[in-house]
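A short write-up of the structure that comes next.
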Amino acid sequence: MTTFLLQWLNPPWLAYALAALVHCGLLLALVVGSVAVCNWAERKIAGRVQDRLGPARVGGRFGWLQSPADGLKLLCKEDLIPADADSLLFRFAPYISLGASFAAFVAIPLSNDWVAQRLDAAAFFVLAVAGLEVFGVILGGYASGSKWSLFGAMREAAQVVSYEVPLGLCVLVPVMVAGTMNLVKIGNMQEGWFTNWLIFHDPFTFITFWVYLTCAVASVNRAPFDLAEAESELVAGFLTEYSGFRWSAFFMAEYGSMLAVSFLAAILFFGGWNGPVPIARWFGLMQENGPLAGYLGNLLGLANMLAKGSLGIVVMMWIRWTLPRLRIDQVLTTCLKYCIPLAAATFVGAMAWTFVARGGLNAGNDDATTRPGVATGGVQGEVAMTKSQ
Amino acid sequence: MNPINWHSCFFLLAAAVACAAALGVVASKNVVRMAVFLLHALGAVAGLFFLAGADFVGAMQLMIYVGGTLVLIAFGVMLTARRPFLSMDTKLAQWIAGTLVGGCLLAVLLRSALSVDDWAGPVSAAPRAQAEDLATAAPLGMGMLGVRVDRLDEPEAARREGMSGYLLPFEIISVHLLVVLIGAAYLARSTRPGEARLRENVEDKINAG
Amino acid sequence: MSLFTQPIGLTHYLVVGAILFAAGVVCMVTKRNAIGVLMGIELVLNGANLNFVAFANPALRADPGRAVAWMDGHMIALFVIVLAAAEAAVALAIVLSFYHNHASVDVDEADELKG
Amino acid sequence: MVMERISAELVECDVHTDELLINMGPQHPSTHGVLRLVLRTDGELILDVIPHIGYLHRSAEKLGESLAARQWLPYTDRLDYLASMNMNLGWSLVVEKLLGLEVTPRAACVRVMVAELNRIASHLVAAGCYGLDLGSFTPYMYAFREREKILDLFEAACGARLTYSYIVPGGVTADLPNGWLDRCAAFLDQFDPTIDDLHAVLTSNDIFIRRTAGVGVLDMKTAIDYGCTGPVLRGSGVDWDLRRDGEPWYARMYEGYAFDVIAPVHGHYRNEAAYPAAPRAAVVGDCWHRFFVRMIEVVQSMAIIRQAMDRYRGTDASMGQPIKATQKLPRGEAYLETEAPKGQMGFMVIGNDTKTPHRVRARSSCFCNLSVAPELCRGGLVADVPAVIGSLDLVLGEIDR
């Protein structure tokens, strides 16, 4: 894209800027588009769970225009700022959440070659950036000048800070099994049949996934962990005083981070852009068979990722519309008494498994490039790579 | 005209945000806004870490510093955010003294930073522009386990010197962290004087009335 | 304009680090709110960290051909980050307990040794 | 009074703590109408709850002094608007008691049927909204779906879906339409299995149990002291139901019907093998038991309705004559409590030989049940307040009158 633009545009920095803008736009369109779809899907799923239709009239049979109509309504709403609010922070807070939630997509590969920035510590980066979303919530809740909002903010702070720990541990397990934090490498290791997926690698990764699911739901503030906006207790928690576009910014941030944790789960546990069956390899849709084949392979990978991501989101919606909400002390107990010990135990267990089942540090060295279960081989590979430079 | 160096551009952007936010922390009176400025300063510093090729440290900065420490501070701010403490004025004399100390320090630091000509530009012929080439996580982890994989290309003598790694500091810091966390929990847990008495009073009243 | 076209050197990082450090010191000296002082400390630590990380970058130091960063700088930066977290936890615990005892977070009032 | 003194004291020595005074309501999603609770909290901990009522006050009792007994009936619809049939029944019975008026067996059967149907409808609202109070939206929709079907039956019987004015002193406004019994039987048959759905998403759901079991424990003595009635009283283990134990003027309506009074006496329910088992964490008198009592009462009401349908088929067609608006009330007074879904609803009427009563008074069950709320909430967490208030199943129309 950049090279193409460089041929036509002068000065060159314009070409760079334009190319960057286009790529940003594409990424943003993916996220915002999926937010719109999620919004519609949430209503439909809620409807099905509750034995009703959900949106059925706006825009035809499936109510597909519901989300745009809703967005339009939100944009047209009166923009209220309470008199008691710290208006600067109040205006600013939603964009912190939104920015943090979208920034996570910078390091998430959507396919083998389609990733905005290949970071060596990508898994870590995604976790770290997604964790920043809490700041918007805390600030928004505080700046609203309402006691309910303050309650929501305090709960969010307590909850997110505690759930970062088990979430980090859960991410660490597949990272350790794979031997790298590079999400592209982790994804590529799981190529082939679905038995190569890390969730099926050993019993510990299998357990880890369920702990990850719990912690991910908690860290994106979805029911039954939606304490910060518990509508039956705190009116709407940190969102109480928000309306119109700012409210929808928080809303988009929530869906954005749902998508981010789902994508992360897909890459870490479910093979990422590799389907359950190695179709791409059968049809030779690889980069080495020419750019078109590579493009098609990447497209297939994107479809895989989107399917897995949507599955994660659907599961979260299903959970939300089924379960009652936990109490704040129970949320924290779940984290401290169950999630953290369980995650730590699976971490130790996966480490032991890698050593016992794979025969220790040097066993994975031979097939360090393609197979999963190259825990230490990965590190050795890194070392070899850095040495060769 | 030389082509624009994008690395420099992003550096300048992050540096400007970091410095402006740091000055904002100093200048603002409201403690909540200070926290917001600090958030931006720390975030921008994380960006500078990425640009300096320390992507693992940058991610750690975002995760632990911004996501953990700063949330903790925001928590503290909200717990103590009563009107009189929200924004506290500093006396002019204190301002003058503070600025004087800070200014002198800045002068010394800038003097020493600018004094070495070699530091003005990159010395290495191969600047590491591509972030994907960076691999700091694994060497860091190995370093903490006592294996200095970053020194493998050095001569034998220098290598042996550095091969002990960071296992001991790592262990010390782990134990230290544990102690600190327990201590913090203990400190924050202590009951507030007066409160127990207050509760007793109320219960008596309820029982009596 | 040359700033945008010249590659970045060590000095640039050191200057930013110095500014952060000095701002932190001023913050520590002038703020009366205990949490404000804490924020100043964080700034100081960040300024120092920036220097460590910058010095660890082989491209910025006179060591042509070296591809691997010095892990010492990164390692110290990591330790500082982790210790800052611990320090913040303890400092906040102290501030909160002071607040509960004295109903104030003004450091000027914390001038007695008695609890 | 005591409360105010304590509040003043707390404010006075409040300096060192971070107590927060929060208004829960009158506009709040989980206060079931326009109840206002002032919460005094220390972090998430509830130090005190002070209910403020009166936002729905409409002088219903005073209006009763300038309206004929028959004319005041629609006002009873608006007391507990979720159980209007039971409100109608209470007022009709007390007026009949004053007049010494007997109703025909067929009218009594119809009264039993619609009153019990309305009890089911009211308990469904209670169960659904309780799910909502605990953050679960779906049971609400399940419960309201079934309630709609009951409202359809009521609409067929009297033309209204909320304020029926169907049971009137002297009988009912009209006999049931043709085919109503079959519709009712069909409803009961399909409703039976849906109760299990509610049990699945609420009663035996682990999170639900954690939120309700052992929360807001109301012991038997406190319940009796505060005058709690209905499922709240029975949930605390008191085996007391006016349908069985009430005044003969009311209880004879239910004579010959086989049904259980649902209460965990000594921790055990009658026929408890037939119901989902109580979780280990549940304590008699907690939110879980209050909720469970309502769920099982629904089953009992269904049994009563089925028996009443059989009995209705065996009665002759005479429905009796409702009183006219010109009916004079004799000098004297009458008071009668009936077992409404939310507790014992008492009506008092004093006649003075004119058509308008000298005095009308309603004893609200929800008012007494609400008064115990501060006891239950104190020492709990903020999230327990909706759990407790929801388990008391309050309707502000009845409290404020």
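The chains carry the letters A, B, C and D, assigned in the order they are written, with residues numbered from 1 in each.
By definition in this document, contacts are C-beta pairs under 8 Å (C-beta built on N, C-alpha and C of every residue); 3 or more make two chains touch, one makes a residue touch a chain.
All values reported here derive from a predicted model rather than from experimental measurement.
Chemist: Return the chain pair with more inter-chain C-beta contacts, choosing between A-D and B-C.
Modeler: Counting C-beta pairs in contact for A-D and B-C gives the edge to B-C.
Chemist: Can you tell me which chain is nearest the middle of the complex, judged by mean CA position?
Modeler: Centre-most chain by C-alpha means: A.
Chemist: Could you put a whole-Å number on the gap between the CA centroids of chain A and chain D?
Modeler: 47
Chemist: Can you work out the whole-Å distance between the CA centroids of chain C and chain D?
Modeler: 63
Chemist: How many angstrom lie between the centres of chain A and chain C, each centre taken as the mean Cα position?
Modeler: Spacing between the chain centres: roughly 30 Å.
Chemist: With centres defined as the mean C-alpha position, give me the chain B-chain C separation in Å.
Modeler: Centres of chain B and chain C (C-alpha means) sit 5 Å apart.
Chemist: Identify all positions of chain A at which a residue touches two or more other chains, and write them in rising order.
Modeler: Answer for chain A, listing residues that touch two or more other chains: 154, 386, 389.
Chemist: Please set out, as single numbers or ranges, the residues of chain D touching at least two other chains.
Modeler: Correct list: 16-17.
Chemist: Which chain B residues sit where two or more other chains touch them?
Modeler: Within chain B, residues 3-4, 56, 60, 68, 70, 72, 75, 77, 79, 134, 136, 139, 149-150, 152-153, 192-193 contact more than one other chain.
Chemist: Quick check: in the complex, which residue numbers of chain A touch chain B?
Modeler: For chain A paired with chain B, touching residues are 12-13, 16, 86, 88-89, 92, 96, 117-121, 124-125, 127-129, 131-132, 134-135, 138-139, 142-143, 150, 153-154, 157-158, 160-161, 164, 168, 179-182, 378-379, 382-383, 385-387, 389.
Chemist: Within the complex, which stretch of chain D touches chain A?
Modeler: 20, 22, 28-30, 43-44, 131-138, 141-142, 145, 201-202, 205, 207-208, 210-211, 381-386
Chemist: Can you list the chain A residues touching chain D in their complex?
Modeler: Those residues of chain A that touch chain D are 46, 49-52, 147-148, 151, 154-155, 223-224, 226, 230-235, 321-330.
Chemist: Name, in rising order, each residue of chain B that touches chain C in their complex.
Modeler: Within the complex, chain B contacts chain C at residues 1-5, 7-9, 11-12, 15, 18-19, 22-23, 25-26, 31, 34-35, 38, 41-42, 45, 48-49, 51-54, 56-57, 60-61, 64-65, 68-70, 72-73, 75-77, 79-80, 85, 88-90, 94-95, 97-99, 101-103, 105-106, 109-110, 112-114, 116, 118-128, 134, 136, 139-140, 143-144, 148-150, 152-153, 166, 169, 173, 176-177, 180-181, 183-185, 187-188, 190, 192-193.
Chemist: Under the touch definition given earlier, write down the residues of chain B that touch chain A in their complex.
Modeler: Listed in rising order, the residues of chain B that touch chain A are 3-4, 6, 30, 32-33, 36, 39, 43, 55-56, 58-60, 62-63, 66-68, 70-72, 74-75, 77-78, 81, 131-139, 141-142, 149-150, 152-153.
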